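For reference, chains read A, B, C, D, E and F in written order, and residue numbers begin at 1 within each chain.
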Amino acid sequence: MFPSKKVQDLVGTKVQVEMKGEGSLLEGVLESVDDYLNLHLVNTTEIVSGEKSRALGSVIVRGNNIILINPINE
Amino acid sequence: MFPSKKVQDLVGTKVQVEMKGEGSLLEGVLESVDDYLNLHLVNTTEIVSGEKSRALGSVIVRGNNIILINPINE
Amino acid sequence: MFPSKKVQDLVGTKVQVEMKGEGSLLEGVLESVDDYLNLHLVNTTEIVSGEKSRALGSVIVRGNNIILINPINE
Amino acid sequence: MFPSKKVQDLVGTKVQVEMKGEGSLLEGVLESVDDYLNLHLVNTTEIVSGEKSRALGSVIVRGNNIILINPINE
Amino acid sequence: MFPSKKVQDLVGTKVQVEMKGEGSLLEGVLESVDDYLNLHLVNTTEIVSGEKSRALGSVIVRGNNIILINPINE
Amino acid sequence: MFPSKKVQDLVGTKVQVEMKGEGSLLEGVLESVDDYLNLHLVNTTEIVSGEKSRALGSVIVRGNNIILINPINE
């Protein structure tokens, strides 16, 4: 199963997304994803130093600035 | 609904855009968007440390340097 | 009007271009632009800390390293 | 043998992946790879200062943010 | 004249190339260029703090990591 | 001769590759290259502060994170 197909299988579940830049980390429910790994996340929270720091709600994330996507099993 | 379609739905509304680099944040009204998530924003303000710091007016933002797009409900 | 079309409309006028990296800022007259937002600028000056620091003349700017393009009304 | 074909040959084996950003290093079993070098890794561990620091399990890695991929012979 | 065409016109002449990263600057004779602005430079010298620091000879430069290309009139 | 063709001519010879990020430098024998300048290097060594610091053996390097490729004549 290709990596992008693996991400499509995560739609509807909670994921952690590590972004480029100052090590920012997002946690949210994956609403949709396209072939570039652009993501639409809902109920998104920013994580700083392991703590939930800011509620962002609905965000669109640009795929090329994603370092990695990590499924979360609660 | 694909992530880029979600952004098209935001045309005419206020968005916050987090850019790569030194954590710069833009807030403006989304005038148009294309498939690369290049954005045309109007009434744009730069936000530094949570404060509006500089009025930029009309700006074109390069899609690949966007970290995330956040709809604002005022 | 798509973002890239908006930039084409700026040909012949003065623009400020914020580049990736150490926050460098360019100001020049937009001579031409292509679909990747690669720019040819003439009479270009580098701006450091809000001051014109270096005359660069004619430069070609790589589109993917542009953060944003800002029209200047003098 | 093309570089991407060389990576496909590594499916099922352990690899180290150096990512852009703050020099983060991942070690895991390569589950799948596509033409963009997007990777699906399982049993993934983050390596900090040469020590295993955090178990990540299953992760999807964005190809354009990979610096290099290094096969591991145990 | 499109930006990439402008660069093709510089083949055979001396150019300065500002690269991403730690503000490195290259000076060399442009041997060839393609549509991605990948460059082949010969007689290349690295410039650090305005001084020629290291002779690199023949180098291939990846287009997407170029900030700007500046023609030099000697 | 186009830049990517110039790199293909280097297959079988020793090259230095400057990567994005914390100024890391690789030296190895170029085994193969594709149109994106993804490289497969063998007998690869990491160079830190001008000294060989770590033997990496066989590595795959992502083309878009290459700053420049430099042929080495020993």
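Remarks
The rule we apply is simple: a residue touches a chain if its C-beta (ideal position, glycine included) is under 8 Å from a C-beta of that chain, and two chains touch if they have at least 3 such contacts.
Since we're looking at a predicted model, the values are computed, not measured.
Note on connectivity: the fewest chain-to-chain touch steps from subunit C to subunit D number 3. Copies subunit A and subunit B of the same sequence differ by a rotation of 60 degrees once their CA atoms are superposed, given in steps of 5.
The chain with its Cα centroid farthest from the Cα centroid of subunit E is A. For the pair subunit E and subunit F, the distance between mean C-alpha positions equals 19 Å. Centre-to-centre separation between subunit B and subunit F, using Cα means, comes to 37 Å.
Note: centroid distance subunit A to subunit C, computed from Cα atoms, is 32 Å.
Across the assembly, subunit E contributes 20-21, 64-65 as residues in contact with two or more other chains.
Contact topology of the protein chains: cyclic, one closed ring where each chain has exactly two touching partners. If you walk the ring beginning with subunit D and heading to subunit F next, you pass the chains as D, F, E, C, B, A.
Residues 1-4, 6-7, 20-21, 23, 37, 63-71 of subunit C touch subunit B in their complex. Those residues of subunit E whose C-beta lies close enough to touch subunit F in the complex are 19-22, 24, 26, 31-34, 38-40, 56-62, 64-65.
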